[in-house]
Every structure is written in C-alpha cells, then in structure tokens.
Amino acid sequence: MFSVTVRDQMMIAHSFHGEVFGHAQRLHGATYVVDATFRRVALDADDLVVDIGRAGEELHSVLAELTYRNLDEEAAFAGTNTTTEALARVVADRLADRVHAGALGETARELEGLVVTLHESHIAWASYERPL
Amino acid sequence: MFSVTVRDQMMIAHSFHGEVFGHAQRLHGATYVVDATFRRVALDADDLVVDIGRAGEELHSVLAELTYRNLDEEAAFAGTNTTTEALARVVADRLADRVHAGALGETARELEGLVVTLHESHIAWASYERPL
Amino acid sequence: MFSVTVRDQMMIAHSFHGEVFGHAQRLHGATYVVDATFRRVALDADDLVVDIGRAGEELHSVLAELTYRNLDEEAAFAGTNTTTEALARVVADRLADRVHAGALGETARELEGLVVTLHESHIAWASYERPL
Amino acid sequence: MFSVTVRDQMMIAHSFHGEVFGHAQRLHGATYVVDATFRRVALDADDLVVDIGRAGEELHSVLAELTYRNLDEEAAFAGTNTTTEALARVVADRLADRVHAGALGETARELEGLVVTLHESHIAWASYERPL
Amino acid sequence: MFSVTVRDQMMIAHSFHGEVFGHAQRLHGATYVVDATFRRVALDADDLVVDIGRAGEELHSVLAELTYRNLDEEAAFAGTNTTTEALARVVADRLADRVHAGALGETARELEGLVVTLHESHIAWASYERPL
Amino acid sequence: MFSVTVRDQMMIAHSFHGEVFGHAQRLHGATYVVDATFRRVALDADDLVVDIGRAGEELHSVLAELTYRNLDEEAAFAGTNTTTEALARVVADRLADRVHAGALGETARELEGLVVTLHESHIAWASYERPL
C-alpha cells in the first residue's frame, strides 16, 4: 500500500458545550496543523499516488472554508462540539467529496482511503480515517 | 476510525543482557517521549474519542511509576530486557488496565484499541498496538 | 553563556484591527507553543541555570492567565493588536516580573536575560528577547 | 503488534517526465529523511523486534546505493519516474531482500512487515507498506 | 528585540568542487527547508515586526528563483560551491534587497537584521545573519 | 555571521545531589539529542564554515566518551551535578579542544565560536555558548 501526505494549517475560534470541557467551555481558539494522507494499492501511470500539487490545493481550499472563523457561528456545526477529532472528520469528508467530484483528477478515483490528522499542539493530535 | 493522541515523557536508567546489545549492556539511560493513541469507531455524546484531560492524567500516572528510576532494580522487569519495544507494551498494558477499570470514564469503555509509541531519540522509536 | 528552555502552550481567540491583517480581522484563534529561555553567565551552586521545575510552573502560571480566553475581551490588551510578537513580549515581561519577585528562587535573580518564542504553526513563529 | 523504526537520509538529483510535474520536469533534487519501520507480532528472545544496530546499518547501506547520485542516470530507474512514493517502494523492497537474505539476523526472518516513509520536506511525505 | 520567522522550502540539484566534498562532488540534490527571521527593536503601529503575509510572499519569490533548478548551470553561482551556508547568504542577501526596495512595506525599512537558516536534513543545517 | 549545525545523540545514566532535584536524586537516565553549532565571519576557500563530515565525526567522538555510561561513576564529574546545562559545557569545551588541536582541519582554526544544545525531551533543552 502506498500513501502520500500533504500538510497545511488553519486557525479557528470556538467554544465547547459540556462539563467535561472545563475551561475550554470559554471561547478560545486553536491552530491546527493539518495532514491529509491519500492511500492507494498501486501507483498511476505517472508513478504517483496523487498529483501532490492538486492534493495540496484541494486541502488548502477545504481549510479556507474554516480558517479565520469562529466555528460557533457556522451553521454546519450547530449542535455539535467542534473537537479536534470531529474536525478531522469534517476535513476528511470534504476532501473525499472533492476526490469523488474529480477535483484531484481522474486517476485519484482509484484512491483507497484517506486519513486526516489535526495537530492542536506539540502534545495532542487527532485523526479520522475513512475509505474512499 | 477516530483516534486521539497525547504526549508525555519519562527518564529512566537501565542496562541490557545479551551480546546483541554491545555497549548498551552497560548501565545507561534514556528519555522516552511517549505517545498514547486511543482509537474508536464512533465519537461519544460529547463528540470525543476520550476526555483528553483524563487521558493525559492517566498516561502521566502510568509514566510516574517508571520515571526517575533504575529499571534494573524493579521487580516487574526481572529476567527481561527493558527495550524500547518492551516498554511500549508495558505502558500500553497498564493504560489498558486503567481504561478497563473506568479511570478514563464510562464512555472510554467503548474504545477499540490503543497504540503506545516511545521515541528514544530523533532517529529511533518503537510502538506497541493492542485492542481494548 | 548558558541557557535553559522550557516549553508549554496556550490556546486563545482574538481578532486584529487594520487592513494589513486581511481575513485575520475576523475572530479566529491560535495555539501558541511557547518556549521560555533563561540565560545566565555562570551556573549556580547546584550546577543549574534555573530550577527547571519552578521555571516550568511559572511559565504555566503565566500562560494560565491567557489560555482559553478571547483576548479581545481582556482589558490588558485594549487598543493593541495581540499579534504573536506582541504576545511574546507580554509573556516575557510577566515572566520577568516573577523572576524579580523571587518566584523562581534566589539564585534566579542572577539571570541575565530571557527569550520567549511563540510558535503559531509549523511555518511561523515570533520571539521577544529582553535583559533581566 | 510491535514495531521499531530507524531514521536516516539520502540526497539525490532527478527530473520527472509528464506534464503533471510542471517545473519538476527540470533537473532538481531532494533530501529524503527516510524512516524504516519493522513489524512483528511477538518479540524475540532478547525482547527485540530487530537488532536496531543492524537495522540501521542495512538501511544506511540501501540508501548508500542511491545517495549523492543523479537518479536519471541509474539504469534501475529507466522508464520510470522516481517520485517519492516510487522511491519508498524501492527502499522497502531492497530492505526486504536483505531481511530475506539474513542480513538482519535469523530472528528477523519472523518479521511480519515493513513500512518505509520518505519525507521530502516539512510539508510532504510518502510511504510504502509491504508484508515480509 | 523582536523577531518573526516564516518557513518555506526549495528543491535543487548541484555538485561540489573540491576533495573535501567526497561523494558530494557527484551531481546530487537537496530539499532545503528555509527559515527567514526578521528582527527589529520596536513593533510598528500595527504591533507587527513585519507583515507576515508579505514576508512569506517575498521569501517564496526569492526561493522560486532557485527551486527546481540545477544550480551548476546558474550563472550567478559560477566558480563557487553552493554549500548550504553559501546558499543561506544568497537567500538572505536577496531578501535584504527586497526589504530595501520596499517590497515588504514602508515600516519594514526599520528592520534591524535578518537571519536565514537552511535545513538540509534532520541532522544538519546552516545559517547566515546580517544587518539590514 | 555564518553557522553550521550538526546533530547527534547520547544516552546516559546519572543522579543528582541536592533537594532542588526532587525525584531526580534517584538514579535515572536521559537521551540527549545534541546540536553543535560552529560559527565564523567568512567562509573558507571551499565556501564552507567547517567540513561537515569532520564536524560530525568529532562530535560523535566526543559523545562516544559519554554515551552508554553511568556518569555518577566518571571521575571527570566527581563533585558536580551533570545537569543538562553542565553537560552542554562539557561537550562544547571538549569540541573546542579538538578544534584547537586541528582535528577539524586548518581552516577550522578561524572559527569564532561554538554553541552546544542538549535536548533532554520535547519540552526542555539547554545550551552553552563560547568563543573559540
């Protein structure tokens, strides 16, 4: 199995609901350094997993919909906690939609799966892994 | 599949038995930067894999039983080599015991698995992965 | 010249004022991985620059006054932009006050200087350096 | 499942064929920081996944066949693009040959699998994973 | 003293002249992860060392003149070895020219100095520091 | 001012004397990831700060005198605490002796200074800087 990973980042504000979150129930923020990993069994005709330029652009475009925002005010997240693990799934699902829509090219339709990891600091990170 | 990882560290002294270890048969030591990864299929009602605060506390507590010690003198390790890979299992098994005992909360009982990685330097690390 | 550095983090929300900030004029947030470096010419009687335990506690305590907050609502920052470089100075100055007040111990009064670095992502960071 | 990883590097020149590569069709180069991960279900009699010294030596030896070279002139790569993902497979396959030939010792024959990751910068890396 | 650092990368091919370089006399390549640090005594009216967006763009633009090239064929480097330390100076001097030409804005003319660091792998890097 | 840095590591056991050290008064150990930085005003005739191969070998050789040892039993450290900052000076002074003895080559005699940094974990490190 082959994989290729690209890294980018986003900076958001949000707050959490529920006693378990302690001080994080207050409005605060985070930088997420975001890794998107694309997996496939065999390389394409160019010896690639995916066109890394397009992969980076699509990841950047997905993150552009989230960065420099207060997620508490985004309709898409109403009624949920935008925890690191939940946001990893949001990014992965939106990237998967773009793969399925052909935004990463025809051969990217042969990708097997996707992993998105959000690093919230030097001591904590979360991932979501899904098939494509 | 979701995962959340927390990072901590421990500093121990030990020596190894067996020709394969060369100079490491002498008493020496290591800092292990320790990553504990918790995995589950679906998030809990708070949109969490695990309460990251409790996860960090339990990892710290497991490491506190090992750090600032000469492992050659610990009864638990008599007759074994406390290699990085063997210690990864010790940490993972002790964390698993705490999950099963409820120390990470009720919803943590739904965790699927655990990975513990011990980084012994910038050029070497070891992991142990187990179901829960 | 000797130095010792300890690392911690904080997660804040804020917004910026001024066209130069573009999208960052919107409420957003950041994780700052924070390094505090203490410098002195000669080691103390224990062969230390500073008691690293106390240094870490005082850094943590300074960051606790900032983390999980919306800095736009903090009186201390009224009329200023809480840029990474400006926050580096805030953390450094508050640490310096604690050194002068004796919170890091008597021998810490012999420290020559302090550097605080705030990493806002994997591709950007800022520092403030001052004498003590 | 246990694993042990060792890290080394290589510095090569190459160019790519195909419009998808844009400016990378020109002769350029890369440093690859290379991680080789060895996996097995149970530890050997010395409590090891693999003799980490020999693992590092064999990885270094595999990389020595590639480093400080223009891969465009290597017969082994004629007609292929030496992308990061393709090179990850080359390194993994050559390491696997050495494991099978006994270069990592008799107990290394019980290894289950191998992962090789090539980091080409702070924002991009690729992996190849195979059984042994 | 304040500083702000931005990070980018370039991938080049080159060879060295002189026995001291051993195998590196052969055509090979490198990824350089490049950090550019801007220093000034006091912040500007926006509480900034430099507009980080423009700083990143100018660094990217300087690196675009070098990346995906065989430096052996660049007239600018005829008769010199494009060692990591020499390239750090090239990048720093070209950035300094842009600062002086006003490309980073009027207030950037108050910058005191510049440091450029090129990381050539996980175990080696070089810097060049100059006034502005 | 130019600089070049090389990285290596050592793994030692030791204990500390003095109440300030708490649990670290017990025998324990550490991995130190060690960075040695060489500084000079102008490059040599080969466009180098220092022959990086020789620099790495001399650093490795200095660390070989310390690694895989219990520093409590080394005569050189009798009556002192082998803190991270104190060990940074030991490594720097021993490297400086080698530079003065010509081990890094004739042109290395023109080096201006040396910095040695010992990283003891992901959250703590210490440096010692000296002229040559």
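Just so it is clear, A, B, C, D, E and F label the chains in written order, and each chain counts residues from 1 on its own.
In the analysis below, contacts are C-beta pairs under 8 Å (C-beta built on N, C-alpha and C of every residue); 3 or more make two chains touch, one makes a residue touch a chain.
Note that the coordinates shown come from a computational prediction; the quantities given were computed from them, not determined experimentally.
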Co-neighbours of chain D and chain C - touch as defined: A, E
Copies chain B and chain F - rotation angle from C-alpha fit, nearest 5 degrees: 180
Fraction-based call for chain C against chain A, same above half, different below: same
Gap in Å, rounded to a whole number, between the CA centres of chain E and chain D: 30
Chain B-chain C separation of Cα centroids, rounded to whole Å: 31
Contacts with 2+ other chains: residues of chain A: 7, 122-123
Sites on chain A touched by chain C in the complex: 7, 9, 11-14, 23-24, 26-33, 67-70, 120-123
Residues of chain C that touch chain E when the two form their complex: 16, 18, 20-22, 80-86, 88-89, 122-130
In the complex with chain A, residue positions of chain B that touch it: 1-8, 43, 46-49, 51-53, 56
